[in-house]
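Next up: the structures, one after another.
Here come two complexes built around chain A, the first alongside chain B, the second alongside chain C.
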Partner chain A sequence: MTLRDHAIRYGFIVLLFGLVAYFAIAADGFVSPQSAVFIFQSVAITGVLALGVTATLVVGGFDLSIGSVATSAMMAAAYVMVVLEQNAVVAVVVCLLIGAIVGLINGWLIVYMRVPDLLATLGMMFLLVGLQRIPTEGRSIATGMTMPDGSVANGKFGDAFLALGRHRFDFFIPNLIPVSVVVLLVLALLIWFFLEYTRFGRMMYAVGSNERAAELAGAPVKAYKIWAYVISGVFASIGGILLAARLGRGDIASGNNLLLDAVAAALIGYAVLGAAKPNAFGTAVGALFVGILLQGLTMMNAPYYTQDFVKGVVLVVALVFTFALSGRGRG
Partner chain B sequence: MVGNAVFRVEGLRKSFGRNEVLGGISLELHSGQVTVLMGANGAGKSTLVKIISGVYERGGGTMTLADQDFAPNTPAEAIRAGVVTVHQNINDGVVADLDVATNLTLDRLSGKGVPTLFNPARVRREAKAVADRMGLAIDLKARVNDLSLADRQMVAIARALAHQPKVLILDEPTSSLSSAEADRLFALVDRLREQGVAILYISHRMSDIRRLADRIVSMRDGVISGAFDTKPLDYEGAVNAMLGRKIHLDQIVARSSAKPVLTVEGLRIGLGARPISLTLGDGEVVAITGLVGVGKTALAETLFGVRKPLTGTMTMNGKPYAPRSAGDAIAAGVFLVAKDRATSGIVSGFNIERNVSLPFLKRMSTLGVLKRRLERATARRQIEELSIVCRSEKDEMSALSGGNQQKVMVARWMAQNAALFILDEPFQGVDISARRDIAAKLRASANGRATLLFVTELDEALETADRILVMSEHTIVGEHRNAEVDLDRLLAEVAGGPLHSAA
Partner chain C sequence: MNITRRLLGKVALGLAGATMLMQVPAFAADKPAPFDKPGVKIALVRYLSTGDFFQAYLSGVEAQSKALGIDLRVLDSRQDAALQSDMVDQAIALGVQGIIIQHGLTESMKDAAQRAVDAGIKVVAFDVNVENPKIPQIEQSDKDLARLALEQAVKDNGDSWNAGYVYIAGIAPLDRRNETWVDVKKKYAGIKEVAMFGTLDNPIANSVANQARSVLSAHPDIKVMFAPYDEFAKGVKIAVDEAGLNKGIKIYSADISTSDISAMREPDSAWAATAATNPAVVGQVSVRALAQLLAGEDPGHNVIVPPTLITQKELIDKDIKNMEDLSAKLPQFAHADVAMPAWMPNPNAK
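Now for the complex of A and B:
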């Protein structure tokens, strides 16, 4: 392998370690359990969403609705528990259903109605952003809130539900690993195995690379595409559940950055290990990268707008890694 | 001869990684002559062409154009200098999302001295001039995406010729053209030859070569292995030089079959077309020939379940057969090597191994989990079986020569036993010896299934099949046992002769 091959393969991993080293020196307290917990927590939710969008990228699509699916799921969880006074299980099931249904509708719009993926999911995003505010007329949901009809909502978040966001497992240091991180790891492993080792995953890549060839090889292309959006929707709703559990209420103002961070993570994933294609491992590393970057910058007291700027720079660099350096041709 | 070479290549080298593809090529092109370059699949022809046309950097050697050093860094530079190329992968030569008119004038839309504003009327006028000069009968407003491969090929060629080249390079230009279109191309090449253009022509079709060649240069494994320029040209010698051995042709002993596998009755595949009835037997190899556009691909796709017939029934091994998707067909044991590998066969993101296993993932997995070892073993076996030139089963498809990519497509579907094996133009870009090889393998393994080939080239049908059917206007108009074929009748049927002679 030439130097360039090495650069393509390991460039981003080196960059990741470099970043950690830099923050360790430059930002006081970066190397501490608290900061690790914070990074894990922020990585978890973005990561779950990013894994979902990875599935749609694999089939050659894109899902812009993930952020709004997550916030809708969060609002729905709060509504189910606080207003309808149901338990945690019901809340979780409702959220997952919302994710699956939105995914199905996205898939249907794209596959059968032939709406281009970006437009269909953008439309869905607007729709959900509005829809999630209708039941409470735009108010956040918390125990004791006054409903539009004047009644007071007295339900509350179940302990089991809150534990999803707040419980931490011991790992060498007590209280280190939040539940959400475990969820992320499990989902990452699942989707990685699914994409790399099962025939369904393989076919999804084939659909993304040459749809007609996949069809002539016997694949039900339409079904695969719809499934990809269902996976994306369900993963996004899991992200929403984790978000609701962490906040403990249905906060209308949170989750604004979810879409962009998740998409950035998935696209950075293209560059990891020179994969040059959407992949689960890369996406997980990408999410970690984004998480570390944000935490580091926060601890260095960088204002929020510089964070967006730096994120953008990193994304552009990652894309250059993927598309320019590994570009074939002039050999 | 030495004095009048307009274009000269000396000691040209090229390696991909450690793999040396060109080992010092020297070649001369003379103005007003067609030099045919012959070479087996993977010999390095397209690589040579890509260096000359500025797509690849060379690894060593020199090139001169009219005694001036010629070292294009980009394709645009080569074109400006008058060295114009139509590549083997024609999708490189056209912009799929634009219409034909824009494609034909594309190169005038950029560069120096071009008005900044895009003037659609002028574009259409210029495009019409280019198209007329070539006798191109294509709707100039059509999007290239919607054209057939043959039409796209003509657009790519027309676009190249719009430049008034000094040197013209055609890399397998006829591999997807019908004979009528090929004739038009030949006439054009004749005209350019008269105008003094130096032409390098690459093809695996002997009929093209016989028709056009003034000189033949053979290459093998990245070096020149023979040059022939005394008339009459020694075609056999050229083939032997490119292969490094003599090629022998086994005479086909036409078999007939007693046991029907597929019976088709009253199948109508086009509005107004007469119904098709045919029976394919076990162990039999049947070729359907006919011009491009007479419905061969439509019939293949109908048998494979990706296109619905208007009317008609099919029976496979005694059971009704009405596939509603490719998946259904494959489950019933009907396999199709589809035409035009780049659009309907190759998954470019996958390596050879994954391309080979694609249709059979279900059979190669337990509970959905792929058996990777089986997958690798299958790919290795198929590479061996069809003598695919590659470093390993992990090679990307883009690292294979065109003919070897095609062999991967055939290998994919030969990996498992079929009940009905359909191949639509399976020899596109495959060299003579590999073509005979594949034909022999098809015949040797024919027992236990019916084999149906769709080929435009009559030679390919004669070399491979037991029975030859002729298609015209979306129906079958003639049938011949491949023993004493009445060629006159057959050719008349191909040309759409009197239908009352039809079977």
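Now for the complex of A and C:
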């Protein structure tokens, strides 16, 4: 391998370690198990969303609705528990169903209605941002809230549900690893194995790289594409569940920042190990990269706009790695 | 005195009206024109509308309008500055008698407001400075909000502590709250701001929680978090809980909502106090100030709605669980005696 190949392959990982080393020196308290766990926790929600959107990127699509799927799932969880007074299991099931149904509709719009992916999921994004507000007429959901008809909602977030956001597992140190981090790691492993080592996953890559060739080879291209959106929707709704469990209420939010951060993580992931294509491992590293940056910068009192700026720089550099250095853009 | 048929007619009408009023006292007899009869048309032109605050504000506007028999039109530009300015023209074309401008940008609303004034329409503005001496400015006093919360912080913690401060420059109410924070730091040399952070990435509470966690690990010596916006405070509280520091840190904030109340009431909650103006009351005051203008009275150029301090202890002692309880049990929160001439109906009176 030439130096250039090495740069492409390991450049980003080296950058990541360099960053950690820099913050270790510059920011007191950056190197500690708690700090490491916290970085994972801060990226858990966007990380889960990013893994989902990776699935759609793999089949050559895109899902703009993940942010609003997550916030809709959060509102749904709050609505089910606070207003309908159901338990945590029902809330989780409803959220996952919402994710799956939205994914199916997205897939159906794109595959059968021939709506371009960006447009279909953009429409779905607006639809969900509006829909999540209809049941409560635009109010956030919390125990004791007054409903539009004047009654008071008395349900509560179940302890089991809140535990999803607040319980910590012992890992060498007691109460160290939050549930959300475990969820992120498990989902990352699952989707990584699924995309890299199963026939289904490999076929999804085939669909993404040349849809026509895959179709001529007899692959059910439409089914694969729809599945990709279902995965994306379900992952986004899992992100929404974690969000609801962390916040402990249903918060009116468009989720646009979740979407942007998740997409950024997935795109940064292109550059990891010189993959130059969407991949689950890269996405996870990308999310972590952003998390480390933000943690370090915040610890050093950098204001939010510099953080956005740095995030942007990282994304641009990653895209240059992917497209210019690996020669993909020229193909 | 010339007794014309016209004058006779007026007297007759007045008498008829008076008898009707005796039969139906619900519609108060002593309101000045144009509120002596229902159907005065006004428009609420909004820039911001999503979120609990704006919902509550609207409900206040609606309640006071109903009490005055006003025909209210709501025009919502959904954060589109150009559209909001067009909507003022739309309201002029609708033939409204009064306009409430709710938020917006000075640059885009200044001229539009002037056009409305030129068209003979009475205008009031809430939380947007339209730089027009003829237009009363409705304000919740952000400086007082911050002052109340910080005075409580000094009362609870003494005048020497390390503080984390959540702030974003460039948001008008936050900038005004910041002025008070700067003054307080000047006044008490022992109060040190060791970290400043903040973000408006939504969901805001989640993003702020991430930042606050980083700040807490970088500055374990923080005793007080000043988060003068409730979404910020919610985020800080999540971070404090996650770090297990809820007994060592106190959070002071501004604004209030039902979910804030439950967060403050949690056992060992770090959220000690908040200062808030009831957004519904601000909505009512907006309509009342406009009504005064329409009736030819002067509400004054700056109509300020005073805030209320709400402490964790009060919420628990008085068993306040939501915004309705808060209005019922803290009367100063439910009603502000601002823009309340004798003839003005009080929408909160039961």
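Just so it is clear, the second predicted complex is superposed on the first by the 319 of 331 C-alpha atoms of A that agree within 3 Å, B and C clash if a C-alpha of one lies under 4 Å from a C-alpha of the other, contacts with A are read in each partner's own complex, and residues count from 1 in each chain.
Throughout what follows, contacts are C-beta pairs under 8 Å (C-beta built on N, C-alpha and C of every residue); 3 or more make two chains touch, one makes a residue touch a chain.
Remember, predicted model here, so these are calculated numbers, not experimental data.
Superposition model on chain A: chain B and chain C are shown accommodated side by side without a clash. For chain A, the partner touching the most residues, choosing from chain B and chain C, is C. In the superposition on chain A, contact of A:138 is made with chain C only, not with chain B.
In the superposition on chain A, A:27 makes contact with chain C only, not with chain B.
When the shared chain is aligned, no partner comes close enough to touch A:167: not chain B, not chain C.
Contacts of A:222 after superposition: neither chain B nor chain C is touched. By the touch criterion defined above, A:251 lies against chain C but remains apart from chain B after alignment on the C-alpha atoms of chain A. Between chain B and chain C, the shortest distance over C-alpha atoms in the superposed arrangement works out to 33 Å. Residues 49-52, 55, 168, 195-207, 209-211, 213-215, 217-218, 220, 234, 238, 241-242, 244, 257-259, 261-263, 321-324 of chain C are the ones touching chain A in the complex. The touching residues of chain B, when paired with chain A in their complex, are 16, 55-57, 304, 306, 325-327, 329-331, 336, 338, 343-350, 354, 358-359, 361-362, 364-365, 368-370, 372, 398.
Those residues of chain A that touch chain C in the complex are listed here as 27-30, 32, 34-35, 38, 41-42, 45, 71, 74, 133, 137-146, 152, 166, 175, 178, 243, 246-249, 251-258, 261, 294-296, 298-301, 303-304, 307. For chain A in complex with chain B, the touching residues are 197-200, 202-203, 205-206, 208-210, 212-220, 277, 328-331.
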